[in-house]
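Here's the structure, in structure tokens; my notes come after.
Just so it is clear, A, B and C label the chains in written order, and each chain counts residues from 1 on its own.
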Amino acid sequence: MTDTRRTTWIGTGVAVALLALAPLIFTEYFVSVILTQALWLGVAAASLIFLSGYAGMVSLGQVGIYGVAGFVFANLVAADGGLDVALSPYLAVVLAVAAAVLVGLVFGAVACRSEGIYFLMITLAFSVIIYYFFSQVTQLSGFGGVNSVELPGLIGDPGADPVPLFYVSLAASALIYAGIRYLVRTPFGLTLQGIRDEPARMRALGYNVGLHKTLAFGVGALVAGVAGVLSVFYNQRISPGSVNISQAIDVLVVAVVGGLYRLEGAWIGALVFGLIDNYSREYTPEIGTVLGPDRFNTLIGIVFLLIVLLSPGGLVGIWEQLRARSRGVGRTRMAGLDADVTVGDTPAATAPAPALKEGGPRR
Amino acid sequence: MEKEKGSRRFWVLLVVLMLALGAVVAGCGGDDEEQSSGGGSGQDTSQEATGPIRLAVLSDCEGAFAPFFEADNAGVNVPFINRGAKAAGAKPSDGLTGAKAGGRDIEVVGYGCSDDTADKAIEETRRLMEQEKADIMVGPLSGDEGIAVANYAKDHPEKTFINGTSGAQDATLKVNTPNFFRFHGDGAQWAAGLGDYAYNELGWRTAAIIGDDYSFPYTSLAGFVAEFCAIGGKVTKRIWPALGEKDYSSFISQIPRDVDGLMVGIGGTGLVSFIKQYRQQRGDIDPQKIIGNNFWPDPVILKEIGSQINGAYTAQPTAPDATTPEATEYVANIEKAYGKEVAGLAPSVFLYNYYNGTEALIKALDQVKGDISGGQKALQAALAKTSVQGAYGNITLDDTRNGVADNFVAKIVRKGGAYTAETVSRIPTVEQTFAGFFTPETPAPDRSNPKCEKGETPPWVGKAEEVTPGS
Amino acid sequence: MGRGQLGDWAPRAALVAVGVIVVGWLAIKAADDIGTFVTVTLNGVTLAALFFVVASGFTLIFGLMRVVNMAHGSFYLLGGWIAFTIQDKAFREQPEGLGFDLTPDSDLQFSLAGWVVPLILACLAIAVVGLLLQQLLLRWNQGQDLRQALITIAVSVIAADQMLAHFGGVTQEIQPPSGWPTSVNLGVEGTRFGFFRLVVVLGAAIVIGLLLYVVIRRTKFGMIVRAGVDDRQMVSALGINVQLVFAGAFIIGALLAGFGGVLGGTMIALQPGEDTAFLLNSLIVVIIGGMGSLGGAAIGALALGLVDAYGDVYLQFGSQDLTNYSILLTFALLVAVLAVRPLGLFGRPA
């Protein structure tokens, strides 16, 4: 077990170090628009994947929660529109994330009584409620969004120099990744995975399933809150449109494309999403009105559909299957998310993937 | 355990693979547009002196104002075509060849497409200004978009932004950034003359207003409220259906039956639905009791519901039936470039404002001889002093770089088989503050602002110059 | 898993109290201006009728096959667009060029066939689309609810973009036959109401509701559907061709969505975003009413339609105008129902 943990840290460290060199290799535009966006969008997707992979709850409500954090932050600092309370940005970040966690706990308490599809739809309803709330309460959302939001001094002006924001996002992503991997090895995390797999048994063993699920939702909300704040740093503004249903679907797409049960998938999916978004305009051939530079959504929808049909484990799942096959392993074995509990995830083409059954990866 | 180490390595390799892929893509794709990496954000000096000036255009191709997309683009293209450029295709969004201004080539890097929302507008702005590296932008189109782009402009002082036709008051009055220019009035200015008309000619003493729930209708109806209330009228009810809402039935139910009149500020394609549903619930439109803002005389709207609003009064910054040499030449130029259909839209605020903004830009570029170095300061200084002789009147800028121009009260009539707006009177030199009613400190127009208070009468009330049909 | 008597009693009592207050408030408003009250109530009821038509398809598909068809809204919008295109191309002249022909639209006449034929063709088209979707993408992974939800989400994303590409971003309306009156006089203080909304949409919803009821309760097909909702495996074990029944139910569900699209396109309008809007509406209706229950769908639709209509007009207290928050009210309704009955009013657990 110590071996694995060390490998995890080494692995993470290598990846972070490589990414840290990014500003020296790539253009400013690439660092700013592709990489930084991939990082914070990845954090948002990570909140979804944490819940789906480790707690067995696929939630569409993460965007709503990140909206709460984003709006609380934007309103608490000096900005154009909104409440313009003009607190210190550092304090505002803390309060924003705290607000998100609070909202997350409330949502979690209400939603934890439902499962599977019902849970998905209730969380979707949450995101929509948050969206409508902010659209209507214009004191909080400004009349065209909250613009020119003041950012913490550490970040400076991303318009002029995107590098500090990139490093902050990188640090946040790395911390969250490491944090979640640590959390799932704690007793709490293990209980959560137990609940994901066999809720009835866990209940019989005396665990308070509802409480654990609610707390898990709270953790997911914390991660989503960080994503929300990072998104405001990135855009320097926020408006209800930033947290509408399209955005919720986008985060879901990112998570599924990356790999719904693999934490790394969050950032991989976000990167792929960003690359397609930006470069599809130049390289998509025009096929009548069906395909063309403006048809980004069709492209991403097709990628999403293909992934769901062929590989429930997302891109990371595909990679692992290829790797396993090339090593000549006879029957592909389960690739674990975590050392201690193996998660069911079969190559999709041959058998229905229990991974995507309602309630979680194992039936 | 070994499998675990293996899987870790897998994803590390995967991440590296992805990065490598991204690097290759970025490297190949960004060739023509890459600036020196890791350096500052300034322009490449050699390009400033002799290379083409990169122009971006932003308007809406989705949402309530989608039908005007090509009209907007025509408004930008035709001033260049008048000076020798050639249209690259039948549609304005196909682009231009040989466009020049200030002695330098003008390259249009993209005709951006937003959907009436600030988010999409900012996304497109960033793509055009940062990925396509445009120097100057003409746009955006709608109210909320204008405020967002003006704020973006504030954060990017080294680029210049000429408003397309966004009419939200705040974009200039509150944001007030030296690199954002609006060569036309805001929405409130486009309603000038109606308050006067309603009070003095139609005899209204109380009124209700209804408009979409976002910044442009707030501003547009604020113009009516400011004028109507200043001279003694009372606005007793304000109704704001959500933008994009197409089911107006509940909102129509809220219109009080005991007011003297209703001022309608619903825009674009929503207006068509609104009028139809209004007629279902309240019967035919009585021109003595209902007036509309600048969306009513729009050719596309009149085509759909002209017969239902026949005889009603409205106001707009253009006079479609003007026969002055400037007006006829304006329409003729557009027809020459893109044909009768687009020319039919020439009097719409969309085409007219994009056109005048581009005219001003070309004038200023000529004046500074195409110099956009030094953070475009010279160009911005020149623009602040530029005036445009528009087809329907002269346009100058005030000290927040907002347009001061004439406005027109018009009546919807049927002429020669089609419905059109016949100009009734010209309201001279309308300016943004409405004689101090609006200042940078007054609350921005919204659901309940401006308050209906009697106050200083705007200078143009009672000075409407009557216009005989066809002059 | 009982929470004890008090735990169940308190939320119910709260709901009853809220209900009494709401009814009282409405009664006051009604007495104040009966004409407006009638209009607003009819607004709500006709809106509910449209919601019911669309949501009934959704609940049928879910109830029988446990498929949450997130592309249901896309069926709605596509049905509307197809009908609009047919009406536009076949029943009136199409202008050339950029399409800015300026002859007045309001002078154009549409015959009865000009509305009914596009309606029938659109419904058939959507039925085919629905069948294709079910056979190609959903049939082989039955039982994997989440996966099917994701598949249908993907389809809806692609469909929305394609519809934007092919039908444009401009809002359009389907024209009812010119022979039909625009509005009817209600006789209550001279109030009028749209003919199409009142007679056609409400009438269609009632007819469809009755038809579905008859089919479900009185035909063999309906019997199989009901049995399938209760116990899918048993039905299959009894040797009935479950796949055929599923396909049939999916066709009906999709057809209802498409039909709703034509109704909605005539009553309100067609534009990008309506697909998401109607998917959400259907979700709310079905969550309130309970998945798989037709009666629940009717009640849920009524609840949503009325709350929406009343909230838009009557959410005012003195000088405080809260009508813009009526949308939040509908969600509050959703949460309230779920607090008391997590599976909806008439829902049954899987």
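Assorted remarks:
In this text, contacts are C-beta pairs under 8 Å (C-beta built on N, C-alpha and C of every residue); 3 or more make two chains touch, one makes a residue touch a chain.
Fair warning: this is a prediction, and the values are worked out from it, not measured in the lab.
Common neighbours of subunit B and subunit C under the contact definition above: A. Of the two chain pairs considered here, A-B and A-C, the higher C-beta contact count falls to A-B.
Chain centres were defined as the mean of their Cα atoms; on that basis the chain farthest from subunit C turns out to be B. Mean C-alpha positions place subunit A and subunit B at a centre distance of 37 Å.
Centroid to centroid, with C-alpha atoms defining each point, subunit A and subunit C lie 32 Å apart. In subunit A, the positions touching at least two other chains are 294.
Within subunit C, contacts with two or more other chains are made by residues 324, 327. Shown for subunit B are the residues that touch two or more other chains, namely 242, 447. Against subunit C, in their complex, subunit A makes its touches with residues 58, 110, 113-114, 116-118, 120-122, 124-125, 128-129, 132-133, 136, 245-246, 249, 252-253, 256, 289-290, 292, 294-298, 300-302, 304-305, 308-309, 312, 352-353, 356-358.
Only residues 66, 68, 137, 141, 143-147, 149-151, 153-155, 157-158, 160-162, 165-166, 276, 280, 283-284, 287, 324-325, 327-328, 331, 334-335, 338-339, 342-343 of subunit C touch subunit A when the two sit together in their complex. Interface residues of subunit B facing subunit A in the complex, by the touch rule stated above, are 1, 3-12, 14-16, 18-19, 21-23, 25-26, 29-30, 34-35, 37-39, 41, 113, 117-120, 122, 126, 130-131, 143-145, 147-148, 151, 154-156, 168, 170, 174-175, 214-215, 218, 242, 444, 446-447. By the touch criterion given at the top, residues 61-64, 66-67, 70, 91, 115, 213, 240, 242, 244, 246-247, 249-251, 253-254, 268-270, 272-273, 276-277, 279-283, 299-300, 302-308, 339, 341-342, 344-345, 417-419, 447 of subunit B touch subunit C in their complex. Taken together, the subunit A residues at the contact with subunit B in this complex read 3-4, 7-8, 10-11, 14-15, 18-19, 22-30, 32-34, 80, 135, 138, 143-145, 147-148, 157, 159-161, 235-237, 239, 241-242, 262, 264, 267-268, 271-272, 275, 278-279, 282-283, 294, 315-316, 319-320, 323, 333, 335-336, 339.
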